[in-house]
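Below, chain A partners chain B and then partners chain C, in two separate complexes.
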Partner chain A sequence: MKKIMDNFTFRKVSQILLKYGIYVMFVVLCIILSFVSPKFLTETNIINILLQTSIIGVIAIGMTFVIIAQGIDVSVGAILAISSGAGVGAIKLLGAPWWLGILVMILIGLIFGLLNGYATAYLKMPAFLVTLATMSIGRGLTLVLSGGKSWFDLPVQFKQLSASNVGGIPVLIILVIILYIIGHYVLKYTVYGRKIYAVGGNPEAARVSGINVKLIIMSTFVVSGLISSFAGILQTARMNSFWASMGTGFEFSAIAAVVIGGTSLSGGVGTLGGTFVGVLIMGVINNALNLWGVSANWQEVARGAIIFIAVMLDAFRTKYVAKD
Partner chain B sequence: MKTNFSKRISLFLAMLMIFALLTGCGSETVKDGNSDTTNTETPGSETKKMILGITVPAIDADGFKVNVESAAIVAKERNVEFISFSAQNSVEKQVSQIEDMIAQGVSAIIINPTDANALGVAIEKANAANIPIVAMDGNISGGKIACLVESDNVAHGMAAADLMAEAAKKAGIPLDQLKVLELLGDQATTSGLERHEGFEARAKELGIEIVVSLPTMWQNDKAYAATLDAFQANDGINAIFEASDIAMHSGVEAALTQINKLLPAGEDGHIIITAVDGGPKGMEAIRNKYIDGIATQQLIMMGKKSAEIAIDAAEGKPVAESVVRLLPDLTFFENVDSKDHWANQLK
Partner chain C sequence: MNTHNKKEPILQLEGICKSFPGVQALKGVDFSLWAGEVRGLVGGNGAGKSTLMNVLGGVINPDVGKIIINGQTVTIDNPAVAEQLGVSFIHQELSLFENMDIATNIFIQHLPQHKGVINYKKLYEESKKILDIVGLSHRKPSQAVSSLSMGERQLVEIARCLSQKTKILVLDEPTSSLTSPEIQILFKLMRDLKEQDVSIVFISHRFDEVYEICDNITIMRDGTNIATKPIADIEKMEVVRLMIGRELSEMYDHERVEPGKDLLEVKNLTRKNAFSNISFKLRAGEVIGLYGLLGSGRTELVRSIFGLDPFDNGEVYVEGKKVQIHKPGDAIKNGIALITEDRRGEGLVIDQSVQSNLVLANLSRFSKKGIIMDAKKEQLIGKENINRFKIATSNLKKTVGFLSGGNQQKVVIAKWINTKPSILILDEPTRGIDVGAKKEIYKITDELLKEGVGVFLISSELPELLGMCDRIIVIKNGREVAEFGSDEITNEKILYAAMGVN
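So, the complex of A and B:
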């Protein structure tokens, strides 16, 4: 009896740790860093971290939707670039007003999202390869459009977006937080959100219970495409320019953040709160490496190690939690 | 009926994707629209006209465009037919382009390598066909190369340190009070490594302190993060060295704006910035006095020199030097509008 109890408590504790481990890890990390560097836990630095992580943070929202529904989207960085390229190109080359440029960006995100979603859900093509292909298309089209050039001197509205503050907090950060709240609400409290979890958890069961599985899967890619183009708007505004290689490698940072945040690559499990913390963990580590002036090569090693540990935690979680 | 329709849509989309893939990443070669390949008749010329071929990683990108256009000018001057290819950043594509040129019987090939170590086999084929190769802006290992024409990256890094010292003098800051943030490129690339070595060595000679060197992997967003972090961690940074203004300056300006430190030269609190490359954004920043000086690459000279040497070699003339290293073209506010800077050649 005692043994069963022990076993029970052990499993309970480990489950809780595995479930909330990421939050615990984040808090511990921050406490350690604030002792090591007095510059870490200051208002400016917190704002710095939030600004630095804002773009990946936005992309990671869409990525969370996609991964919960058992998908993957490696085209997000390319969608960011092609949206920005098309929008800024419309402004610079065709003399479009700023709002039309932004509309073009959103439209491009929508088109890529629909293409990714339709191919994955309805044509049953593997998501990784579909989005790898659209990534290549997006990157290629970005070069075709821009001729590899960068564009600066954008309409003043872009700078206004990135430079404005509300009570000392940059609007960029506020926008990201609002997006997280909306995304969290959709996933957690709407029928649509529950359908995404159902589809990701067990597509067959979801289909039998009357959910339009294909439509749900496609919709997650559309969310990801739209969100990526929105990230493109923010990045363009923040840097006040477009350049052809923007967003390079963002797909893997976003996937890593989502997985660190506890969303399982096998689908059906995950929260946006976790993703938010996942993004912050990556951001805090990058920030700390820079604050200490750690050399380039070791920075790469450190980043790789963090992702490794996070995926290992994910594997444990699947092993122990899924047993129930 | 409905299923039939959706089947059709599926088929259509599938075909669309295949089409996009084929056109997007197909192995089609881009022939330079500007190159004039029409024969300007040479009276009494009995032999076939010589052909100079060039392949660069991305023909649309600003720097490569200037390279190719400058080479084309020389080819025209010397009455040589000129063909150009874009490898679209793919080693495989570049290899097949070189092979195509060999098959076509070109007289000489200029290669701006996508990868230093992966072109050996193609070069050997060109050697076997007795076609001289000029490597432009990057060495190629394997096979025999007539000449390497490149920017002296160490000298560019050194020049950026000199320009920084110059700007400090103007601002009345003693060199030993400079505190520099160094933004590195990618230390796995020759240009990234050598610019760093040059800058560091010269800074040491001049007694300039590099407070911290942070990686950017040639990415604006990483340069942005690194700049914010460096200013957060270190008090009193008053100068920045960017290993490339093209890859970093947008990020640096965004970060400095965020912390209210983006001020033009001459104003109190101006951060001295010097860089290497000299792209359009960097030129604009010099005009706005945010950047004090750039060690600009001599890309026009690079293209011309490569073409001259390649044509000489094809004509059987001996090649004097096996390596031509181009020194930086120093750019600052007073001479920023000069046509000698490659970025000013772009429209």
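So, the complex of A and C:
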């Protein structure tokens, strides 16, 4: 009897930890860091962290949608680059006005999203390989388009977007937070969001329940594509330039942030709140490693280890659910 | 059996019990098998045949009971142990590696090798010998299993058993995917094995085959061994009677409702290789039963009506109007609800809450203008569902996977009632759930009938069909073979029709 009770409490505690562990971990991490490094909790540093993580944070929103619906999208970094390249290219080479450049960027994101989504949902191609292919296509096209060159001196509107702030908080950060609020609302409170969770949780049951499973899967890739091109706009504005290798490795960081944030790679489970914290954890750890002067090579190792642990926790979570 | 009396049986199962959540599948079964005997094992779905054999095969561990092989008490806790003891098991669903060649499949557990390197010459030679024996001499050992027909694959499975020193061979519905020449090859093989003193357990729904090949027959019902007799001493009719056994219990206090208007009419519905020319008419307040054995096409039929699978020919009318149903959404719009037989696979999103599952089939009804979910409406219907269907859950937020099977099934039914259907299709609605939950599901069905819903009930449980239905359609190999009105329905008639016994 005692053993059963112990088992029960153990399970309960571990379930709570698995559910909220990410938030606890984040708070503990921040407390430790603020003791270790006095610079950590300064306003400049916090804004610095938020700015550094903002672009990945935006991409991670679309990634959350895709992963909840049992997909994966590794083309996000490439979509960021090709949409920025096409938009800035239109401005620089064809003399298009700034708003047309932005429209082009969004359009490119839409096209890539549709392609990823259609191939995955309707042609039943594996999402990982589809997006790996479109990643390569995107990267290649970026180089073709720009000839490997960078472009600087963009229309003044880009600079305004990144330089302005409201009450000391950069507009960029405010935009990201607004996006998170919208995304959270869509996932949690709309019919569309409910359908994404159902499709990710059990596509067969969703289909029997009259949900258009293919359309929902495709739509998540479209969201991811659009949001990646939006991230492209923000990145271009923030650096006031385009360069061919921008966004490299962002898919990796975004997927990591989503998984650290508790979204299950097997689909159906996850929240944008979790992703938000996941992004912050990644940012805070990067920041700490920088503050301590850890070399870039070791930072790479540390990032890999964090992701390893996050995926391991995800596997445990799946096991717990499977047991009951 | 008399000839065996001097010897000890090769296998004795004593007092085997096994419970699954909500059901006791085996209730103290005794079963013995003699060397060189072919034993037919028959019983309705859920009688416990497969569970009993899975205990012998080490797939399922019994709660209580003793297994004695050759006079030795043994513990078979996994399939590998069974294998070592000479027990081979051929399952209903084949377990071959389709991507590999025939020879590798036959010898997968003991590939001829030298220091870890496979001796392909020997592998193919040995395989060739075995393939000749099982009547697959026209196939090369190096051929991929995926290129074989279902029947040939079955023979490869048997070849795999022959490559081992099998003493007891269990065949679970082996003929359901075979053509008649293949069946004859199988029977010849079985007779050869018998000559070599191998004992065979032959599970089958097909009486003709049981009578052709078996020496003795064991009849199971409700997790017990009802009778074991030499096949020569028992008539087919008697076997059927023993299989059904119980009288109609008071579980079904179904009140017949005077049928109203036509709700659903199906005309000449045909889907190649599944069912052909099925026609019926369902009226308000009426229950039509559909009975058929495994593989008869009953599930395929309702999947097509519901738009889950396409059909090739035929028409569907709802309330007199011809409708085009291409996807489940179309069916739902036309007031059709389908409770599928696979609760976990198709009924529920198992990791999500009771609440989200309850509203899943009609999200727009619980939303504001079809866009934003309405939490109040959701909670209201959730509470109403829990009260009406007596769903035992601590709260609406509970993950549906943590509920018992019966309560999960009630969630599925409630989900569909929330679409306000006029036509309710139930595919095995009470499979694997306890008696109490069953009763409640019948009660809910009765209430719906009074509200003017028409019910189409598929079930393998004859008492359920007899207790609930106004008419019963029997299908066999995708064709309607009989229809009975309520006054002429008896267990025997239905079973005879479904099995083709005259």
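Criterion: the second predicted complex is superposed on the first by the 315 of 324 C-alpha atoms of A that agree within 3 Å, B and C clash if a C-alpha of one lies under 4 Å from a C-alpha of the other, contacts with A are read in each partner's own complex, and residues count from 1 in each chain.
Just so we're on the same page, a residue touches a chain if its C-beta (ideal position, glycine included) is under 8 Å from a C-beta of that chain, and two chains touch if they have at least 3 such contacts.
These numbers were taken from a predicted model, which means no experiment stands behind them.
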| item | value |
| --- | --- |
| Fit-or-clash call for chain B and chain C when the two complexes are aligned on chain A | fit |
| Contacts of A:Ala206 with chain B and chain C, given as first, second, both or neither | second |
| Partner chain(s) touched by A:Lys195 [first = chain B, second = chain C, both, neither] | second |
| Touched partner set for A:Val269, first chain B, second chain C, both or neither | second |
| Which superposed partner A:Tyr118 touches (first chain B, second chain C, both, neither) | first |
| Touching partner for A:Leu100 - first (chain B), second (chain C), both, neither | neither |
| First, second, both or neither for A:Gln299, with chain B first and chain C second | first |
| Winner by number of chain A residues touched, once chain B and chain C are compared | B |
| Minimum C-alpha spacing, chains overlaid - chain B and chain C, in Å | 11 |
| Touching both chain C and chain B, counted on chain A across the two superposed complexes | none |
| Chain B partner contacts - residues on chain A that touch it in the complex | 37, 39, 42, 44-45, 48, 51-52, 55, 115, 118-119, 122-123, 133, 136-137, 140-141, 143-144, 146-150, 152-153, 162-163, 170, 235, 238-241, 243-246, 248-249, 286-287, 290-293, 295-297, 299 |
| Residue ranges of chain A touching chain C (in the complex, touch as defined) | 189-195, 197-198, 201-202, 204-212, 268-269, 321, 324 |
| Residues of chain C defined as touching chain A within the complex | 306, 308, 327-329, 331-332, 338, 340, 342, 345-352, 356, 359-364, 367, 370-373, 375, 399, 401-402, 415 |
| Residue ranges of chain B touching chain A (in the complex, touch as defined) | 6, 10, 13-14, 17, 20-21, 24-25, 58, 60-62, 64-65, 88, 184, 186-187, 212-215, 218-221, 224-226, 228-230, 232-233, 246, 250-251, 253-254, 257-259, 279-281, 284, 346 |
